[in-house]
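Next come the structures, one after another.
Note that subunit A is present in both complexes that follow, paired respectively with subunit B and with subunit C.
Right, the complex of A and B next:
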């Protein structure tokens, strides 16, 4: 009884905030609304018994990345941003990608294979489902290679950032 | 979800909330008194016995002060920024165990509001959200000093959060659990400060920086930034920032006690009493630090966090992992 209510609340807030991110003029307000989206997503993760992912969502995205976003926005104090595309072209691209995502979502939901992956109600989940231990075990066994490749990718990004920032010393 | 569960949760929430809200004026009083004596003064003594009611009087005074909002401020963000600070500090307090469970009316009552199995991560998440209160307060004032204070605070808190998190990982490795109640229970025989003294030191330093307290109070360095991020805040909004600072101090101290100083364990006296004693001593230590050390320079602060604390924390983590594997 409580679960659909909470889901409605979190998803409602997420959608509302997401609309705010798109339509708000002030970039700091946009960033804040994005934090709202990320937090409600964390709530939805908890409803899905994925507490660890929810915690990471809050710490990494809402807590670290968005603070850096805000930091940059505040430091640069963007008044009127210089548009990359003409308004017409931007709208065209926007609608194109929105349509693409819509088609993709509909494809996934409506295709016969798509519904097998999403059980309609909570089937017997293992007791430690979503716990850090279970997730860690999966990451270091079944998904070891993707996990390590992602780590190397991040390492490359870190080294790249340092090299770019320290260029004047070379 | 039966009625007893509901009542139990409600009572515990009220107890913790009341404890934090009543504890803050006491800590402020203790700080002023201890600082006074350390500086060869006597501190507050006029209001109430030993000046005990001084903070209450100050609170009432703040309550009746005019609520000023700068004309060019971002009104909405200016209003929610202090609230974010308080909410995150209080939310963090909800996972802290202040005693072992006991039986009453045939129910096992654990002494914490909730023990999610990701309690430590929840805490780190709550503290990382607490950054927003400071940053946004600085930005929304639309004034130079608060903005600089807010920017300083955000960089500082992100940097020290990292080392703080890494310093807590060895504890998680040793107990095999992210639950604070489990970590507390695991220190039945030996406090974790003994094998993890390095981690404890790093954690304490980071905790001071994370709560923006002297000698790491660069975000409100009065010689350079007036009052930093809360320069433009007055009346209850200022009081909320004040409250959140001290509530945060209580939370990080409680985490230090739970993770390193044997949680509620101690001879003779019951658990919650021991917890209170340790908490008071730790808060005294906080004030002691403030009276002892001069403020750091900003570049020193950042260099210390990234070039000393984080590498040491990482090495400590690696050594702990290797030792644990070798021991089997």
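Right, the complex of A and C next:
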């Protein structure tokens, strides 16, 4: 009985904070509201028995990435010369296409074919589902090459960020 | 064997769809490059939620692995993107994406 209650709570907080991210004036508040979204999603991940991913979500997203965001927000110190919403007709088009995407996504999810292939009842899970051990085992066997490529990607990102932020190139 | 699920998969998918749409709204109607970045993170997270929910439904952990990779790519994307943003701000004193139109001719 607890699960629907927690789901309602976390999803309510997530949607509320997400709306705040998009429509709040102050960039710092936007970043903090995004932390709210990420934390409530971590809660939902735990409901889905993905404990390790939830921990990663808190540490990597809510921790590392958001700190980076906050640093840049404070570094740039943009003083409200950016209008809140894009001016003119582009705003109407933006909302229209977003509505179109929502309708399309809900159509896909709700249509009879949307859940095709997925078991109608959630299957029982092995005891170690979502544990670091199970994830690590998959990561270092089936997904070894993608994992190694990811490490190269991160290295390239580090070098790229340093080069871009260096003053003398620009 | 653990935990039978009481919240159906559909609800998680609907939540993911709504969060993704809010992210799309952010990208389309805000002009601050920082907020656009945050909205992109929002969309990535919505997709992550969808993957985790399907993973739970199938009892298969491959979805968790994909989420792991999405997080790694998001971290790389954010670090490079924010570095670009800092470079743009240093040169043009703006974070408004409409003011960056050098290629417009």
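Everything that follows uses one rule, which is that the second predicted complex is superposed on the first by the 126 of 170 C-alpha atoms of A that agree within 3 Å, B and C clash if a C-alpha of one lies under 4 Å from a C-alpha of the other, contacts with A are read in each partner's own complex, and residues count from 1 in each chain.
As a convention for this text, a residue touches a chain if its C-beta (ideal position, glycine included) is under 8 Å from a C-beta of that chain, and two chains touch if they have at least 3 such contacts.
Just so it is clear, the structure is predicted and the values come from calculations on it, not from any experiment.
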Which of subunit B and subunit C A:68 touches, first, second, both or neither: both
Dominant toucher of subunit A (residue count), subunit B or subunit C: C
Which superposed partner A:58 touches (first subunit B, second subunit C, both, neither): first
Touched partner set for A:35, first subunit B, second subunit C, both or neither: first
First, second, both or neither for A:132, with subunit B first and subunit C second: first
Interface residues of subunit A shared between complexes with subunit B and subunit C: 52, 56, 64, 68, 75
Touching residues on subunit A, where the partner in the complex is subunit B: 26, 28-29, 32, 35, 51-52, 54-56, 58-59, 62-64, 67-68, 70-71, 74-75, 131-133
Subunit B residues touching subunit A - in the complex, by the definition given at the top: 74, 76-77, 116-118, 121-122, 124-125, 128-129, 131-132, 135-136, 139, 147, 150-151, 154-155, 158, 161, 176, 178
Subunit A residues within the subunit C interface of the complex: 1, 3-4, 7, 11, 14-15, 18-19, 21-22, 27, 30-31, 34, 37-38, 41, 44-45, 47-50, 52-53, 56-57, 60-61, 64-65, 68-69, 72-73, 75-76, 78, 81-86, 90-91, 93-95, 97-99, 101-102, 105-106, 109-110, 114-115, 118-119, 121-127, 129-130, 134-135, 138-139, 142-143, 146, 150, 153-154, 156-158, 160-162, 164-165, 167, 170
Subunit C residues within the subunit A interface of the complex: 1-7, 9-15, 17-26, 28-32, 34-35, 37-39, 41-42, 45, 48-49, 52-59, 61-62, 64-65, 67-69, 71-80, 82-87, 89-91, 94-96, 98
